[in-house]
Each structure stands twice: as structure tokens, then as C-alpha cells.
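In what follows, chain A forms one complex with chain B and a second complex with chain C.
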Partner chain A sequence: MLMIRCPVCGIAADETEFTSGGLYGRLEETENRVIPRDVVREWWLCARGCGTWFGMARHVVNQRVTATWAAGDEPWDGRH
Partner chain B sequence: MARARRNLRVPEKEGSNIGRLIDRTQPISFTFNGRAMKGFAGDTVASALIANDVRRLTSSFKYHRPRGVLGIGSDDPNAIVEIGVGDRRTPNLNATQVLLAPDMRIASQNVWPSPRLDLGGLIGRLKPLMPPSFQYKTFKWPVPTWRVYEKALRTLGGIGTVPGAADPDRYEHIHVDADVLIVGGGLAGIAAAEAASAADLKVVLVEETHRLGGIADGYDGRVDGKPLLDWVQNKVRNLAASRDVHILTNAGVAGLYDHGLAIIHERLDPNASVEPENAPRERIWKLRTKAVILATGAHEKPLVFPDNDRPGIMLATAARLYLRRYGVLPGQRVVIATTGDEGYRTAADLAAGGAEIVRVVDLRLDPDGSLFHIMKARGTPLAVGSAPVGTTKGKKGELAGVTIANRLTLDGPALRSHADADTLLVSGGWGPAPFLAGHLGARLVFDEELGGFRPGELPGGLFVAGAANGKFHAAEVLEDGWRAGSIAVEHVLGSSWSSVVPSHSIEVTADDDAEPVGMLPDVATAAERATAFVDLQNDVTIGDLDIAIREGYSAPEHLKRYTTLGQGVDQGKLAVANAAMVMAKALPNATPAHTTFRPPWTPITFGAIAGTRRGVLFKPVRETPLTALTSDALREPLGLWRPPAVFPRPGESREEAVRREARSVRNGVGLFDATLGVKIAVQGPDAAQFLDRMSATNLADLEVGRSRFALFLDNDGFVLEDAVIARAENDRFIVSAGIGRADNLCAWFERWRQREWPDLNLFITDETERWGQLLLAGPRVPELLAAASSDIDIAGFETDSYAEGEFMGTTARALATRYTATPEVEIAVPAGHLPSLWEQITEAGKPLGITHFGTDTLHRLRLEGGAFDLDHETDGSVTPYDLGLGDLVKVDKPFFVGKEGLERPGMTRSSRRHLVGVLTEDPSFVPPPGAHLVLDPDHAPPRRVVGHVTSSGYSPTLRRSLALALISAGERHIGDRVFIVSSGEGLPAIISSTAFFSNGEPT
Partner chain C sequence: MRRPTRRYSILSLLKEARHGHSGWVEAWRKAEPRSSYDVVIVGAGGHGIATAYYLAKLHGIHNVAVLEKGWLGGGNTARNTGIIRSNYLRRESMALYGLSHSLFEHLSQELDFNVMFTPRGLVELAHTRQELAELSRIADANRHFGIKSWMIPTSEVHSLLPSLDQGSHKRFPLLGALYQPRGGFARHDAVAWAYARMASQLGVDIVENCGVESIIADGERIVGVQTSRGRIDAGTIMVAAAGESPPLLAPLGVNLPIEPVTLQAFVSEPLKPFLNPVVMSGAVHGYISQTAKGELVIGGGTDAYPSHSRRGAWPPIEDTVAAMLELFPFLSRVRLMRHWGGSVDITPDRSPLIGPAGPSGLYVNCGWGTGGFKAIPGSGFVTASMLATGKVPPIAVPFGLERFAAGRMIDESAASGVIH
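Our next item is the complex of A and B:
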């Protein structure tokens, strides 16, 4: 059960308060993309909070959330 | 006649540790299978039953073999009982974990009709006929007989009975954040908690029994000059007094999850009188921490040999603890079989407690530990280098004797000897129990020298300490606990933390290494392997594992499912290590592995899972402003809403009410609470462009004051939503859709606005609950509205008009539609004004015979109008063309959502199912929704199904049944005959258009 902090409204809550929405980017950019066993960038919706879609980088194996960003900001993986 | 029951409670002895947890001044009466028995305050159910000489506690799950208490913790596979009566009867409780309470009623499971006459026991004799997965192999054919098998199997199988009535107790959930979770309150857990609290971290220490200290009370010795037990108790007092440490007892960790979430199931002590009367019985803790330390200890491994499951066979350390804690002996004539020094420790205790030690069987060839030498010097009968290789049973299936063989000449019959005994205590050495780590994806590593699993690579934030980490001596355990606590502190603080490891002078006898053994005798026959149990709860023998391996199911996950190894209430806690050792021998080239450990690790009740979300709180009912004014309605569930379905008059059935209401609407005027209808405002300079991109229907040319029915498709081109879009102003649209769809539609809009077109300038606002709404339908609607005061020309309203203004003294929005093939006007007013408007219109409509109607009637009217309903006619695989609504798709738009998907060739294939009408030849027969349609009812099954009924109902206006159906190439078969399959019969019907009724006239 992930703990996610919405980068828009700042609320930190259980994964169940959010909705996942597939790979980050516009639809035509993300179709048929292979998901690596690594950090992936995804869309998440602050469904029970501010209602905003935002970007999140999550390691698909160890489930670590490495970065979040508001749509329109530069996406990143949380790596320096 | 039942044998006389012995009293196995040892008399009190001055100055001894024996029975230190019980209070002999407080006797407790209880019953077991209806028989009155006595125990003491402080007893567990298991210790009280042992004291009363209950050997056979239950029958095993598959073969109904008699079973008794084997262990002393949640790892015991046998001691599963039901406790309580009536609604408070709880099945599948582990007798070792439940404290005895006055007047407790305890019952065996898996015995039918009674434990003394367990007819299921006959099944045990059929064991050779029941190989692993026999149910899949045996009960397949012939198909109809499965029902017979199933009934019999369900009576004999299954574990426990479910109470018939609602649970009278209260349960709750609690969410807590802390820094460190420590699982297990033994020495390692205590040391880890000390370390973490020394750094001022917030610690939660969870212990599954009712007391801390683990099994330290099973050992003698001194720490810092104090007796071990006193030292531990002092530490526990200090921890309990610390404000940073929260101790939960009687609490099992059911599961560990990502990001430090633990689900903990706490059973509140029913004996505690301090709780208020309505206190919960159990609690679920949803605990988030930054670090988790597993100090979950180790399990003593049973030995695997033929007939190793009889009542009277117990783990050696468990027997010692029962004596020390509760003053009970497992029996009077005791054989002890051990692979290490624990057996000698138990032998010394039991001898002091008054039991006769018939023999200590040491599986090692040359034991040399100090405990061995002490017992040898005392003259205890020893059999070194020997092993138990069989048991004999008494009249009730209980243990009567042990066959012992020299391990060097295993099959030499001359070297086998027999010892009469009522008890056999076994110790196969300790297997670490870090299994909860598996919940976070860790793979444990099998250590052949230890004969158990050690934690391998662990995920970040998870640490293992003490016996769970393969450290067994008190000194090592304390040091390892402190070490794990310190690393956890550094993990939480994100910086190094210098802590001085407390130095203790520890004088506790160290054990020689135990020898890991697998199946005994070392060279066993197939017959011997077939009765050597490795998983007692699921009745899995070594022979079963052999069969599974032979049949190709040797991978752990396959083996588990094929044999049921490791399933059930105990999750195979005692079976994991032994099965791995046996597998290691059977498959020398494979590395023994465990199956995926999944929650719940310890059982968790449904009551606790539900918590307070039951009854009215399960799904709180949402109400419209008209709920109080429509109290005469029969309601139907719709999400969290309960809209009126019909308004039945006294003596009227639901169907009769629908027909009366529908007739009244057709002949005059009806009034419906349409508040749940979606009202979404889309506004801004780019609102028109946004909606035009979202909808397959052309909306760009929609004029202000007009509305249009529009379809919304998903990416694949299938119908997702439908709505009426009204243009209120040039830059403001009102989207109205069916009841209860607001959340979905709004979320769909927002997804595209935010993610795909952030450059568009508009806002989307769900106004559904701000506006109360009425629907007026029927030919006399214009007449009714003509008399109403309004600045909207509402009486002359044409279909598809939209207007905002004043209506009967309040701000209003009005929309004219025509789904029910009769004039309709929707009037929305601010929600608070709705009740008075409802009353005024009801009053004004009286001369016209106005009728209130509900959703049942609305569906019937829409069916008459041939209008599709998303919930019935579409299922995510229906295109606009399938619905006959191709006109609503503006194919020459450059883009709309789903356009690309809809243009795929298969989407217009002529054989796709089309929405058509179905008119039964018998007009009174209403085909059930979902009924299949076939062309040839006389064809032997399987018959080709050409479609199915999606909605149906009797039309009082047309005096016949109507149905909508999706039929393959239906549009080309209008006028053809189909057969509706209902109750095995094929009933004839004619395919028709969906326009059953238009302009108030039947078509």
C-alpha cells in the first residue's frame, strides 16, 4: 500500500485515495511502451483530494516513489 | 465406556517455577464438547485441556485422524477449536492462544456427528484411495453427480461452522503512524525496542501472545546476576513504562505491505473488566512505520516418521513451557526424541515435575553437550544414535508406544525396540521464522546445516533479529536485537547513531548444535513414507510429496497447490522447514525454496476486517431533498442512493404499480425526482471545442438555447456515456446525463482536459447536487406548465430547447427532451427549493391527474420509447452503429475521442450484434434480461446463440411485452423469427425495430 503525497495540494495519503492512470505523457506517446523493471513515470490522480492529475516516478520492483511533479512541470525520476 | 481422565496438573511446589502463570486460588469452570472441566485463571485453553487429560482435541482435516496439542503457539497445526455459543461462536481459534475464561464453551472441529463417534474417521481407512489432489482426479465425472459429492464433502470438509445470526460484537479499525514496528516480544524484540526507544523513536511492539518475554521462561540461567526470568520481567516493566513504546499483546501481524504498512489484528482480552461495556472485541491496526524489525523467533521442528501425528506427541520445548507456565504435564510415561540438547532440558524439567522419563532418544551419534552429560550422570535411560521410527496407538487412537531403531542399522529388525509410553516429546532443532519478510517480496535462503530458512537479502527498512535471524543463545539474541534496533534507528534518522551495546554478563547454558534430519528412518519404505506427516493441519505426508514430485509438481508453488502443503489456519509454520529438508533429499540438485508467503500470516476474523463498516455504515445512504416527501415510495439501490422505484398504493404489487404509473403518464402527466441526473457545467472560451473533441457527435454548431443528444466513446470506439448537451451561453454548456453517472463522466472529462489538452481554457464543474431536478412527462405537460408563473416560455417549449430564468418564484433551468416518446420537461432549481416546488406542482397537477413515478416506471416508459440505457444495453463492447445511432457519429470531424478505434474494420463488421426490438409471439410472456436467443431451438446443445435480451417489460399501453436485444446482424433480420431460451424451452418471437411507440401512438 503506497503512501503518496500529492505535489499539487500537498496531502499525503494511502494509495487508495488516489487513482493510477498509466504511463506519464500524452496518450499517443505512451501507447505500447514496454515497462522496465526500473523507475517508471506514471500518471496519478488525487482522486479524493484536489482532483488533479500529477506525475509520479515509482520503482516497479521495490515500489519506492522517487519523485512527484505537477502536470506541466518538468518530469524527473528523482535521480541526481 | 470412556476411560477415566487423569489429572495432569502438577501439585504446587514451594520455590519452584512450575505453574507460575496460573492462579490456583481462582478455579475456572468450562466445558469441552459438553463435558464439564476445571482450569485456573491464567490457563490457556490448551493448557486447561491438557490438564484435564484431553488427548484427542480434534480430527484432522482430510483423514480424520485423531490429533492433540502439538505446540504452544500460533504454529500449532492441530489445536484448532470453536469457542462460544450461538452468535458468539468463533471457529478456527488456536487453543494455544486463547486464555481460558469462566464458563467458556469449547468444541472440537472436523468431527461429525461427535468426537467420540466421528464418522469421518472412516475416511482415514480409505487413505490409499485419496492421493494428493484426489478431489480433482476423482469427482470430475459424471458431471451431475458432483452435486452429490459436493454436499457430502462440504459436511465432512471445511474447517469450523459459521454462526447463523449477525455478529453481536463490535470491531474497529485504527490508523497509527510510528517510527519502528517490532514484531515479536521475546528477548530480541525487547532488546530492539530498548535500542529504538533509547534514540527517542516512537516504537510499536507487537506480541501475538498475551505476555512478553517469548520463551525465555523455558531456560534457566542468570543475566547480570539475576535469574533470567526476573531480568526479562524487569526489562518488560521498563519498556511498558516508556512513553515512546506502545506494547500490543494478543496481536498478530497479519501482513506487511509496501511503504511500511502493517496490518495488525488485536484480540482484546474478554476477561479484562476495565474496558467499557461496548468496547470492541477486536481491532485492526493499520500501522505505518519507517522501519520494521522481525523478532519473530523460531519454530521447534517436529520429527517426521511414520504415525508421527498421534495425540500424545508434542514438541519438547512446548511440553517444558506447559509445565513451567501452567503446571501441567503432557503425560506420565514420556519418551523424548531429540536432535539437540533441548530434549535433555525438557527431560530434566519433566522428571522434576513427576513424570517418568522412559527414554531419551538422541538422534546424534556422539552428543557431547553439558546437558547430555548431566542427564547421563543422573541415570536417565538414553538411546544415543537412535530415532523414533513408528508409534502404536491405544483404543482412542492416542499414543501407546514408540518404536525406536538404531540409526546406523536402520532396517535391521533386531535393533528395533519398543517403549510403552503415553507421551512422545520431539525436538528436531529450531527453524528460524522470518517468514513475514516474504510479504515484502524477500526470498529466504535455506541453510542445510541448520535445516531451516534464514533471511536472505531484505528490502530496505526491514530488519530481522534474534532467533528469526538464526541466533539462538540468549547472549546472541540480546546482542542481535540491540544491533537490529540500532540499524533501524539509523534507517529512520537517515544518519549514523552511536549507541553503546549494553554489556551483560550472561550465564545461560549453550546448546550443542542440533543435527538436521529429514524423514525417519533414514531409509524408509513407501508404506512408512505414506504415514509420516509433514503438514499435520492439511494431512500432507512424505508419501504425498513423493507422488507430487513423481507427477512433476516439484516446484514449491506447484507442490503447495497439489498437496495443500502450507495452507490453512497455521500457514504451515511447522511444515516449511521439514518439507524443505525432505525436498532437499528427494531432489539433490534443486535448492529448497519456500512458496510465496501471503497475508494473513495469522488468522484474522471477518468481523475485524469489516470493522464498523456494517449495517447502515457499510454503504451510507445518500438522500435527495425529496426523500422525506417521497416516503410512500418503494426504493431501489442505485450506488449509494435509494431513489423511488415505484409509489405503490395499498394492496398493489410492484408490477401493478409500474403499469398504473406508466398508464397515467401516457394519458396525463407524471412527476419524477430527477435530482440524481447528472448536471455538469463546462464553461470557458474553449468549452465548445473541448466538448466537440470529447463527443463523437457534432456539437460545434449547437445554438444557444438548444440541446443535443450526444455520445461519448472510449479510446477503442465503444460507447462509454451518453448525455444531452445544452448550450446555455456561447461559452457555457450544461451536460445532462442519466442518474448516478456524474462521477464517471466528470472524471472522464477531467482526464482529457488535464492530461491531453492542458492548453484549452475551460472549467468543468459537477453541479449535480447543487441543483434539485424534476422530470415532468406526459401529453398534458404543456397544459400543466401553461398555468405556472415563469418568465421562460415553458408551455411552448419545443423538444431540445433549453432555457434559464424564473419558474414558480425560483431560479430555474428547463430542458425539453423526449426519451419516453411523450413530451418531457426537466426543471432544475437550487436544491433547497426542490421540496416546495415538488409540492406546488403536485398540487397544481391534481386536476390533470398528476402521478408520482419512480425509476421502474421511467425504465418502462423508456423501453416503450425504444431508448437504450447504458446500464442495460451497453457493456463496453457496443458501438454507436450497434445501437443504430450511426447518425450521431460525425465521422468527418478531424478528431474525437474514440474516432481511431471506431474506424477499425471490425467495428462495422456486418455480423456484429445490433440493438433491435424483440416481440414475443405470446404477448404476455416477458423474456428475462440476459436470456439467450437462438435460431433453432430443436438443435441439440450446444446451440448457436445469436444474441441476448438486454431489457424487457410489459407495456400497459401496448398491452404486450416488449424487449430490447442485441442480435447478430439484427438490423438485417427485422421481421425474422428467433427463439428465446428460457427455463430450457425455446419461445418464439419476432425481431422488430426499436421504435415500438412514437408520437404517442404505437407503431
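Our next item is the complex of A and C:
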């Protein structure tokens, strides 16, 4: 089970409190991308908390969540 | 020297009993890959193996290799609940799944292997007015296109399922059900083994532990595959690798709209027979059947996010067990013995992708999502015809990749029976 911390309101809870929203970035950048067996950056919604969409890095094989960030506050340069 | 015994029958059993069972041969050959074939199939799951069998059996193409990264039928063919039905909503789906269902009826005889097809009936429960309307629509479509499936009232549901919890105390009272009398289940492994055995006897090479790393194209034509055991040349290549298909085709400029998601299933300890038909329920969301051994095979919804792991998340397990207890509360003390997860390849419209893709000579058969097992015989049958003639057979035409760009989706998100 994923344990996620919302970077906006700070609530830490399991995956049932959040909603997955697909690959991070604008739709035209992500629509044809193959999901690799690796870490992916995704949109997630703090559905039962503050209601904000935020970014999250998750490994799609071992299901480890490595980072979450607020939109506009990405831990790398520029949007991807 | 006695001839080896290949056929399975009471006579061959008696013959072998007289000779200390020394004449049996392995069900299928462990083939070494050769450097070239007429047809290479990527993925030895049900769809790949069935295609190879029908190629050899019906089209006389025996120079075929089925390459498998892991082991025969070890992917989603081994990770499903074995349910067989054809009561889909769209006529395209009814044609494909209906063909498959009718092939299942005689599959054990055709393949000389007991696939344990058990048509005990399939009951899809309606617990809300909306579901009743939706299932009635499917029943009307089924009747119109000749699939034997219809709505039954609650009294008939209770006579089919005397153990189903009922009454006004239920949060979701029963309103009716969609009933397919010839629906049921088959032994999933046996289907893969049976096709593999017959395909192997017809000369098909099934090569396990041979992962395909890339597909090689020369200009506009396919020429072969690069595998973990060297290069293999072939003029016709079919990719039936479920969720592993998109990364294989992406370098060729083919984007398959497939998302890998984990779907879990469970088996309980064996119980005395109490459940004859397969029971599906959309509102509480679960599907349950009881095997000949007495175990309950239980399935539910997928995980809530894309995943390549074959180990599912906890919340769907809880939801599925809750669904089972809503239908059959007396099972609350029953223990689950086994649990597995498969990475299902879900398409936007929940219908499969069958057809040519990219360079000439390359075909796909994937995107079966949560309902591929029931389609194995029909899918293999039409795909073999497509590979042998180069023409897409009428049943498979609507399932081509171009349907997404053309807006001709075959939306089965309601009738596919699994919430995702």
C-alpha cells in the first residue's frame, strides 16, 4: 500500500485518501508515453484532504514513493 | 521398440498401464530456437499459443516459433479467475467472444486434453435500478445478436443461488439478474497446456526463457527479432505480450494505448459444494465461483493506479472480501489460501487490439485487459487467419488500432465486469 504525504496540506495517509491522475506534465507531453518499469512522475489528488493536485514520484514495480511536490515547486528545473 | 504414446484416452491409459507407463512422452517439446522461422509469435500466453496452434492446424504453417520471456502461460493466462461468458454489449464484442465461447464448448475434444470447461451458468446480479437498466440493455443486445443470455427475476435468482443473502435488510437489495446458462469457467493452465501440446505435436517450437529485446525492421518491412538467445529472422511477427507490448513497439513508432494495472484474485480453502453458477455483482463488486475441488475463486476490482508489479495493493483485497461477504455473509470465517496479482493491459475502451501495426509483417494481439482468458480460442482462431492470409478477418476488423484515431471505440467498460 502506498503511503503518501500531501505536500500542500501536509496530511500523511494511505493511497485510499488520494486519487491517481496519470503521468506528470501537460497532456500533449504525456499521452503517447510508455509507462517504464522505473520511477514515474505522476499527478495525484489530495481527494479527502485539501483537494489539491500535486506531483509524486513512484516506482511502478516496487511501489516505493520517493517524493511529492506542489505544482510549480518541482524538485528539478523546468516542467516535464 | 514400442511407439511412444501421444494421445490421451482410456485406451492409451490401459496400454501404458500394461507397460509400466514407460511410453508417455512430454506434453510439449522444450525447443531450442532456430535462426529463422516463417512466423514468430512473441509471448507464450493463451493468445500466442492458440494462434500458433490454429496456424499449424488450419493454415498448414508449421514453421512457427512462440518465444516466451518466462514460462508457458505464466502471465495473465495463469492469473485470472477462469470465467467464460459472451454476454457483452457491442455486436463486435459479441461476435469475437461468442466465437470463443462456442469454441470452448468442444475444446477438450479438439485438443485431446481436459480443459475442464464447466458451463454451470453465469448470473450477473443487479442491485440498483441503474444496473437493472444497464443489464437489460445488454440482455436486449444479446438477444438481438443471438447470444443466449437474458434477464431473470429475483425468484429465479434465488432458486439458482439458494445461499445468496437476501431480504429488505440489505443495503443493495436484489432486483434481478442477467443470466447466461452456458457461461461458466475452465481450468486456465489446462487451456495453455492443451494448446501448447497440440501446437508442439504439429511442429511449432515453443521456446521458453527467450525474451524478445527488440523487433528489427528493414525500412517498411519486418525482418526479425533480437532475443536474449540471439537473432531470429522472420517475415511475419505477432506480438501477444500484454502489458509488455508497448515498449516493444514504441521504437518502431507504434504507440499502443495500453496501461498496465494490477488485478488480484483469491482462492479460499475448499468447502462443500454450495455454489453452482458463477456469480458476478457490479454494485458490491466481486465475482465468485466454486471449483470442482470446492475452493472459491474470488475476483474484484483492479488497483487504482498503473503498475508493473504482480503484487497488488491492500485496499482492493479488502474491497473484494467485503463484496463476497455482502453476497454470502456465512463465509466470514472462511480462510483465503492463495492470492495472486496479474498486470492487466487495459485499453481506453476495454476492448482488445488485434491487427497490423507499423511496418508490414508486424501484427499485435494484446490489450485484453481484465477479460482475455475467455477469448483465447476465438482470438487465436481469427489471429491465425490474419497471419496466414495477411488479411484481417471480418470479426477482427473492428479491433484494429486505427479505431482510436477514427473514433470507432468499442466501449465495453460496463460489460467488461471489472471496475477500473
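Please note the rule applied: the second predicted complex is superposed on the first by the 74 of 80 C-alpha atoms of A that agree within 3 Å, B and C clash if a C-alpha of one lies under 4 Å from a C-alpha of the other, contacts with A are read in each partner's own complex, and residues count from 1 in each chain.
What we mean here is this: a contact is a pair of C-beta atoms (placed from the backbone, for glycine too) under 8 Å apart; a residue touches a chain by one contact, two chains touch by 3 or more.
Predicted model only: the values in this text are computed from it and were never measured.
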*Thinking of the overlay built on chain A, is A:R26 touched by chain B (first), by chain C (second), by both, or by neither?*
first
*asked:* Quick check for you: in the superposed arrangement, does A:Q63 touch first (chain B), second (chain C), both or neither?
replied: both
*Could you look at A:C50 and tell me whether it touches chain B, chain C, both or neither (first, second, both, neither)?*
neither
*Have a look at where A:A12 lands relative to chain B and chain C in the superposition and call it first, second, both or neither.*
neither
*Check whether A:G72 is in contact with chain B, with chain C, with both or with neither, and answer first, second, both or neither.*
first
*Thinking of the overlay built on chain A, is A:P36 touched by chain B (first), by chain C (second), by both, or by neither?*
second
*Which chain A residues contact chain B in one complex and chain C in the other?*
1-2, 14, 61-63
*Of all residues in chain A, which touch chain B in the complex?*
1-3, 14, 21, 26-27, 43, 45, 47, 51-53, 61-65, 71-72
_Under the stated contact criterion, what part of chain B meets chain A in this complex?_
257-261, 288, 441, 459-460, 715, 747, 750-751, 754-756, 758
_Partner chain A, residues of chain C touching it in the complex_ = 246-247, 250, 255, 259-260, 304-309, 313-315
_Sites on chain A touched by chain C in the complex_ = 1-2, 14-16, 19-20, 32, 34-37, 40, 42, 58, 60-63
